[in-house]
Amino acid sequence: MSKKRISNEVFQQLLIPSTATLTSALKQLGLSRSFIHGVAPLRPNMKMAGPAFTLRYIPAREDLNAGEVDNMKDVQRIAIEEIGVGEVFVIDARGDTRAGTMGDILATRLFKRGAAGVVTDGAFRDSPAIAEIGIPAFAAAMNAHSNKTVHHPSEIQVPIACGEVAVLPGDIIVGDAEGVVAIPIRLAEEAAQIAVEMEMREKFILKKIQSGASIVGSYPPDESTLAEYKVWKNNNKEG
Amino acid sequence: MSKKRISNEVFQQLLIPSTATLTSALKQLGLSRSFIHGVAPLRPNMKMAGPAFTLRYIPAREDLNAGEVDNMKDVQRIAIEEIGVGEVFVIDARGDTRAGTMGDILATRLFKRGAAGVVTDGAFRDSPAIAEIGIPAFAAAMNAHSNKTVHHPSEIQVPIACGEVAVLPGDIIVGDAEGVVAIPIRLAEEAAQIAVEMEMREKFILKKIQSGASIVGSYPPDESTLAEYKVWKNNNKEG
Amino acid sequence: MSKKRISNEVFQQLLIPSTATLTSALKQLGLSRSFIHGVAPLRPNMKMAGPAFTLRYIPAREDLNAGEVDNMKDVQRIAIEEIGVGEVFVIDARGDTRAGTMGDILATRLFKRGAAGVVTDGAFRDSPAIAEIGIPAFAAAMNAHSNKTVHHPSEIQVPIACGEVAVLPGDIIVGDAEGVVAIPIRLAEEAAQIAVEMEMREKFILKKIQSGASIVGSYPPDESTLAEYKVWKNNNKEG
Amino acid sequence: MSKKRISNEVFQQLLIPSTATLTSALKQLGLSRSFIHGVAPLRPNMKMAGPAFTLRYIPAREDLNAGEVDNMKDVQRIAIEEIGVGEVFVIDARGDTRAGTMGDILATRLFKRGAAGVVTDGAFRDSPAIAEIGIPAFAAAMNAHSNKTVHHPSEIQVPIACGEVAVLPGDIIVGDAEGVVAIPIRLAEEAAQIAVEMEMREKFILKKIQSGASIVGSYPPDESTLAEYKVWKNNNKEG
Amino acid sequence: MSKKRISNEVFQQLLIPSTATLTSALKQLGLSRSFIHGVAPLRPNMKMAGPAFTLRYIPAREDLNAGEVDNMKDVQRIAIEEIGVGEVFVIDARGDTRAGTMGDILATRLFKRGAAGVVTDGAFRDSPAIAEIGIPAFAAAMNAHSNKTVHHPSEIQVPIACGEVAVLPGDIIVGDAEGVVAIPIRLAEEAAQIAVEMEMREKFILKKIQSGASIVGSYPPDESTLAEYKVWKNNNKEG
Amino acid sequence: MSKKRISNEVFQQLLIPSTATLTSALKQLGLSRSFIHGVAPLRPNMKMAGPAFTLRYIPAREDLNAGEVDNMKDVQRIAIEEIGVGEVFVIDARGDTRAGTMGDILATRLFKRGAAGVVTDGAFRDSPAIAEIGIPAFAAAMNAHSNKTVHHPSEIQVPIACGEVAVLPGDIIVGDAEGVVAIPIRLAEEAAQIAVEMEMREKFILKKIQSGASIVGSYPPDESTLAEYKVWKNNNKEG
């Protein structure tokens, strides 16, 4: 896992385009599977970006889950007290929604520790309360059962599957009202640049379409549209 | 595909009853599968009615999807510039939600061309933006991936499957907060008449139930209730 | 089916904790599957608690469903006129959402008869209207098709499966914004007591976490935290 | 549940046509859903016909399943000692294959009691041993877990769902290498007659197709083919 | 649809390698989705290769399926009398196995007309009989219901989805005991050549592994192994 | 991961009872989920027992899978050259069968290295060839696509999920014609003893049932049956 770091400027850039534009930028960079499938925001209006801190669940087994939770041994609990400021907690729950993977107390602790968000391809429990915390949170479902009914926390900071997408520790996780995209750290800066430019161009194209233009010539833009766009972009910058 | 036409009056009638009442009218006319399964509105408050303009996707294959989109050859793009005023764009995505089937620029173009709505049994990308356009839009999910990650546009204006229901070009597509029903063009007028009458009768029955009546005698209505209903209906008309 | 009765006080207690806390209380009492899977509230802000009145559907078959509905013979209709004040109507639809299991007229009748709520692991039809009635209602989906397109009402007041959970007539059904939990009648009082206490303790722990405390020592609480909690609890009571 | 009885002659007739032909006969009689979905024979060479003796499972719950099995109270066990000679044991396991619904000892007991077969839309455990008993057995899967891991036997001799099809106690259950069809008792005699005739006609048509005939004129047969068939049929009888 | 033709020699070559090797050859040529998902042979010992003749089903609707089958109008029937010698009948049934998509009479007719095989991502009815015809046949399931219970034949010789893979008319369809691969006509010759060579090389590697060699150096082969292979291949040819 | 070792005698014992009996023994020891769901043997007649050597796949991503396979870096390849004699290779493929997880060359290498078997909750490619190798092999499906089409090998010898069951490195994996059970190493000896005894007792009970005994008194056995069993068991031993 390269621990390459991303500058604050890049994080700011990653918050500008939509996750849709970011997946297009990643496709241009050769990645076809980056958007986490089947996960929706509890609070659609909150955007999120940060490096992934990963947790992997395996199926529960009675000999692994015995006794009361021990914060020193339970891998999920350790993870929660280790996550860094600005990181996004990403959970591999094998898409199994028959139990929650986190409740409001742990989610609040993540929030207080400065985590940038939390994503699970399983369910949350206390979902209504989690929606109120103020942390961007994304899940596949709501389920009141506590995690160990179905899951056992097994590893942290290893590559995981989340919503049928590979997520490596340190991957940049970006979320918006549509869902969550995982960006390989090495591609993050380039993806940000491409996406910011793409977003601006698509904003211009959208304006043309809103004014009644056909997609022919506009989307994808032909040379004339690209020339118009350059002018518009320069004017916009000046403004 | 009979290109029988529906009068404006019939379209107005089709907007009165709920999709639930329309499926009941169709059942009375012999159809048991008319409601598109698993599709929800992005904007529950917008009603929609119009003839289907269909697009069928097949699975993506690298040799089919190579190069940049060409508006003259890409079947989806052609469809978007061909759809008529008042028509509803209906997409057969085989229920596969691992990529979007349309984004906000194309959906905006549909809106500007006067399309009455857009329905997909796959996902939208840019879903939050599509919800703001002003066009009634229905989908099974949100997914930021662009369509060709998973899909290839193959044919337009052929019979399709959408949400496990047959949709033929020209079928009348009606949508409300519950979802979308597909009405064979030949049955549309009769279905509208039955549904408007049924809706009124059920409105009356609902009032009775709200006043404390038992369903026995009221729903289905016995002769006495039907007599009451006639009076009420006449009074209502006169008012 | 023990017809043990629950006091009003216990019902009041059951409305205090979240369904998440109730499933934890039940887990403490030995039950691992009590939360109904895949069911969401139409109106997240309404809480619900009451004994289950159960209806079981089997798949539709033309010879069983022939003719118009007869309120004297149709098992669902009989159920609706038999349900008691404060009871919750719980439907086993085998998780099949290709048709509704109830519409707004029947749901309104349930409401008028004093039912405390309605839960289905299938779909509702007229969902938007049902959301407005004022009765807590939970379903897996919306589908405009009438029930007999897919379902046939077969039995009432027998043990059923709902959302992969056993529900017996008389089980106490509690719902909130997260979903629905089924509590065996014999465990209801004890579960209520445990959950109310657990909810208070978790409320205290949450406050600590919100103030910046680590989960270590707080969740689960060590002796020192438990001592603090006792003081806080006593103060709260006095307040 | 009409307890109309079927003569031995009808049972013998029901064993002549394939389950495919029987579903066609039932379709002619108005039934569109009679073939149990997703169930395969452990021994494809054994045919089976007999009245359904039904068992319905609900999801397991710890308070229902406690303690050792009591043959006097456990509903499945009671069923096994009550089933009549020639009856088919049909299990509604909600399609859940995460545990067996019967093992080899109980299946052997069914065989010894003279049961004509056993069908489950869940799994068997001891499947390889069950395949050797000599009783026709049909299941959706193999799973070694004992039934109460996932299931609780709840009722016998009530209408059930099996493989998404309604099965009523007494329905005639016919199985072959393709799977299992459920025939309403009232339609059994007529279905048998139609199917025997249909099977003979299709045998004749198949011979024509094997000799190189086009389906045009043969399938469905035109008047000339029907005339040929009559001759062939009479000759066959005489032979 | 390019109607490029494939020589008999290429067809012979396509029958040499396994479908596994062919998918690897196609991957080398840039295709990642060519193996039809979820389809198994009724007769694992029969190999098959031929150009695709496609049929597309849409969901059944009562107004489309009324009356007796008319061989002049029913699209499936027309297809069966139009398919050419050596072609493979490929059916898009949307993966819906709740009814058959073909029975033994039609499959026999395909066989008599010289079709090279039949593939469906739905079910066959009369599966046991189809297995005896002598035509390679692949399906996702067995189901006795006749096709129009669930399906309506809509188009022939158009691009389809089969087992989540695109199949175009004329694509070369190859089947063996593992399943079915669809090869774009333009890539067929090249794929055949690559696969034949790959199969020979892997045969050699397999022999080495069977003799106790490590995969290191052998698989993928290093220069020394490749040199050994050349010698072996030349010797084999001479033999 | 305790590296406790199991004696050869215990392995021999584990091969005596069926996987069904072993899951019952584990249930007695407190485990409710030990049988791997949805996995079938390619060769039903081969039994298998050995410690798990685990491999975990994550979803493929183009930047992880670039270039030719390097046996020194590819985690799956490393695993295959590291597995010990008598160990069982167990693959976590997230249940995704859209590509193979191993082909015949690697499976042959496992066999030559003395591996006791191979289990995947995904698919094999070259399945027909793998069935001939002589190594017990269990999979959820067949799929000709090479693993990296869908999967990326991520870790070895970590706890995994396989068929919705937790498998830890060193867990004893036992397979037969019904499927595969995972036994925690610490429970293996005790489970073996319980299961061998249970198997013998059930063999005796089965004989009684075969002789016409009711399950009442026999299964579960009452005191009289247990006494008979003791005698039989002693006689059998002497024999």
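Chains: A, B, C, D, E and F, in written order; residue numbering restarts at 1 for each.
Convention: a contact is a pair of C-beta atoms (placed from the backbone, for glycine too) under 8 Å apart; a residue touches a chain by one contact, two chains touch by 3 or more.
The structure displayed is predicted, hence computed values, not measured ones.
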Length of the shortest touching-chain route, chain B through to chain F: 2
Option reproducing the contacts of A-B, where over half of them reappear, out of C-D, B-E or D-F: D-F
Most remote chain, CA-based centroid, reference being chain A: D
Averaged-CA centre spacing for the pair chain C and chain A, given as whole angstrom: 32
Centre distance in Å when chain A and chain F are each reduced to the mean of their C-alpha atoms: 37
Chain centre separation in whole Å, for chain D relative to chain A (CA means): 50
Interface hub residues of chain A, defined as touching at least two other chains: 32-34, 164
Touch-based graph of the chains, sorted into line, ring, star, complete or other: other
Each pair of chains that touches, named by its two labels: A-B, A-C, A-F, B-C, B-E, C-D, D-E, D-F, E-F
List of chain C residues in touch with chain A within their complex: 18-20, 22-24, 27, 32-35, 37-38, 40, 44, 164, 176-179, 181, 202, 205-206, 209-210, 212, 214-217, 219-220
Complex contacts: residues of chain B adjacent to chain E: 30-34, 58-64, 94, 96, 152, 154-155, 158-161, 164-166, 184, 186-187
Sites on chain C touched by chain B in the complex: 68-69, 71-72, 77, 80-81, 97-98, 100, 103-106, 108-109, 112, 125-129, 141-146, 149
